[in-house]
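Worksheet: one structure, shown below.
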Amino acid sequence: MHKSPGLHRFLTFVDAIIAIAITLLVLPLVEMTSELTEETSLEELWSPETIGKYGSFVLSFAVIFRLWQVHHKLMEPIESYDRVVGVVTAAWALTIVFMPFPTALIGIYGNEEVPVIALYLLTLFVSSALLTALALYLARRTELHEADVESSKRMAVPSVVTTILTGLAAVIGILVPRVNYGALLLLLLTGVLTVLVNRRLRLPQEEA
Amino acid sequence: MHKSPGLHRFLTFVDAIIAIAITLLVLPLVEMTSELTEETSLEELWSPETIGKYGSFVLSFAVIFRLWQVHHKLMEPIESYDRVVGVVTAAWALTIVFMPFPTALIGIYGNEEVPVIALYLLTLFVSSALLTALALYLARRTELHEADVESSKRMAVPSVVTTILTGLAAVIGILVPRVNYGALLLLLLTGVLTVLVNRRLRLPQEEA
Amino acid sequence: MHKSPGLHRFLTFVDAIIAIAITLLVLPLVEMTSELTEETSLEELWSPETIGKYGSFVLSFAVIFRLWQVHHKLMEPIESYDRVVGVVTAAWALTIVFMPFPTALIGIYGNEEVPVIALYLLTLFVSSALLTALALYLARRTELHEADVESSKRMAVPSVVTTILTGLAAVIGILVPRVNYGALLLLLLTGVLTVLVNRRLRLPQEEA
Amino acid sequence: MHKSPGLHRFLTFVDAIIAIAITLLVLPLVEMTSELTEETSLEELWSPETIGKYGSFVLSFAVIFRLWQVHHKLMEPIESYDRVVGVVTAAWALTIVFMPFPTALIGIYGNEEVPVIALYLLTLFVSSALLTALALYLARRTELHEADVESSKRMAVPSVVTTILTGLAAVIGILVPRVNYGALLLLLLTGVLTVLVNRRLRLPQEEA
């Protein structure tokens, strides 16, 4: 299965955008150092506030990497693309490029402020929902890939599962302030649930 | 139609530049957070000024993505390149790399200041005009691609249409302060006008 | 030996992440200029503090480039990948994306503060150890590449050697403050030691 | 002439680094906006100081793009690489990644300070000299490419010419403060001189 050169260039472009967004996550940490001088106590580096910045950095890195992998998996069998795929993918990339902003906010407000938690979790939810929209569209447009009907359905399962879990995490994280970002641990269930759904729908399991 | 390895590497390089420029658009948002402390009221995040920053971020993301797509489409049938293509593409990339600056200015001055509106819209116009210059040049240099005469003409239509609409948007946006960036909504007409022009010139429609 | 398209896209994505992280190393230098005005004495540019920033920039550039090369070498014969390779590579990329932060800290505290030295050297050690974990895993998973048993073993040698030297450098650099980052000069021995280990294990030498 | 997969990945990695460095040139402009508020007079944007920043941005963009093109041209016929090529290319990439720093300094000090002019021009000279070292090395290592003896020699001509002109520009720019960066206009002679040298050495002209 070969991609059209146009799709190849499009995906490389989008991947570069995501790669940059994931790397910009370190900026609030680097930025923080511009306020330090040689005389600043190093305890600053282990203060709760700073540890919050480390945490939001690692969390967002993991989440963006995960979303990229869902997109990657989704596009693997696709051979060409149309206007809808282009627009939805661009909108998805926009949500990822936006991520360093709510990440930086978490680094400042920690888990104290519900609006900040909500902005972060809802950005993730919209990002994941756009991937699901893309998956469902691709599953129907069989002329864009070589996958048979069963594989087409299976393609959409991981992103549907991820979106439902992200939505659930958003609801729990916003309503139960004590849980907040911890609700994203629900995403660890993606693998198991994908297997279960595939089994339920009698779809073949993916190998990797 | 295969690209020469040299052209392939050139396009990948240019794409990476555009991808980075589009991602740097988030910096004014991240930068803004460096002034916040845990005690800052969150209302700051929904103040008119901040909403202006969100708006300029989304607008510029959409506009750069669109310009990239025009370039992408334009280069699709091209198989090798010469010095003129190299220089014009580099100049075009310069306009895109510059974009985060007028975008950041919009984030500060909103739609209050005509010079800022003018800088933004004229940068877009120059960027689009360079793409058109490239398209017209490529349409004549048939030895750089395999397209026949009709396809060559058709190649240039979307960027000519985009450039005329951007120029019109610049004139309206600068002369009618109440419209300002809203004039860019004219770009939504690109698709329809391209079809109309192709029909008028009796050129075959593109499929995608 | 051809890589699966999925692996190709994955590696390009990871490479882009590393390329950005290595380029962000210049930010503390650029950042520093934002405090300068036309009236600032230029002696600032050659002050010991600034020279520390130049040093940490060059050191981190060399170290990240070296780690990337180990990864590059390691993946060269690999043809496809599984979940473990994906997760370990993502974790490795995380350590590299983090690097601009300890680099910026060195630029401020120089070699005066043991915790800063420790953070820097331990980040490098973890990064290198993840590459070794990847190498050892790949050496056993012969279905992911076409290398024979001897080549598989040889693949792991450079990263094992690098990790041991980085670990040693971390111990020395932390315990002997006068040596600090100088301990990384141990890494210059990687080439020689790799040859020696290969000879000892009677493995064929690599050509390049 | 096909590149080895290892060389392909190496070049893509280096290209990404250069692409990011060229894009970071806009940061001093974006940074400048973070000091503006809605009340700042817009005249700031056309002050001599700001115009200096625009100038240094465009100058460095053009110079880096040019150096990248020399590298691009140089590597076009190369099919595999060795340790020397790897190390020299990495050192060259380091000079490019460093460029945003002297560029930012120019943005502040303009053409008033000889040390700043010297730092900028010497960085360019070192960068260009490393490309020439690479070219001369590659011309001798015929096993790394398929070019015949004459083409090998011709490969080195553009970078030798560029390096001599950059060195001359550095000497003039440092010694004659009134000329300063204007000395780089000498680089416009690269094309003509390359043709002349090729003719003198009775080497065939390149087509593009």
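Each chain gets a letter, A, B, C and D, in the order it is written, and its residues are counted from 1.
We adopt the following convention: a residue touches a chain if its C-beta (ideal position, glycine included) is under 8 Å from a C-beta of that chain, and two chains touch if they have at least 3 such contacts.
Please read all numbers here as calculations on a predicted model, not as lab measurements.
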item	value
Subunit C against subunit A, contact positions shared by both copies (same if over half, else different)	different
Superposition of subunit C upon subunit D: rotation angle, C-alpha, nearest 5 degrees	90
Distance between the centres, which are taken as Cα means, of subunit C and subunit A, whole angstrom	26
Between subunit A and subunit D, centroid-to-centroid distance (C-alpha), Å	37
Contacts with two or more other chains, residues of subunit B listed in rising order	12, 16, 20, 27
Footprint of subunit D on subunit C - complex, ascending	1, 3, 11-12, 15-16, 18-20, 22-27, 29-30, 33-34, 36-38, 40, 42, 45, 57-58, 61-62, 65, 68-69, 72, 76, 208
Sites on subunit C touched by subunit A in the complex	5-6, 9-10, 12-13, 16-17, 20-21, 24, 27-28, 31, 49, 81-83, 86, 90, 93-94, 97-98, 100-101, 104-105, 107-110, 112-113, 115-116, 119
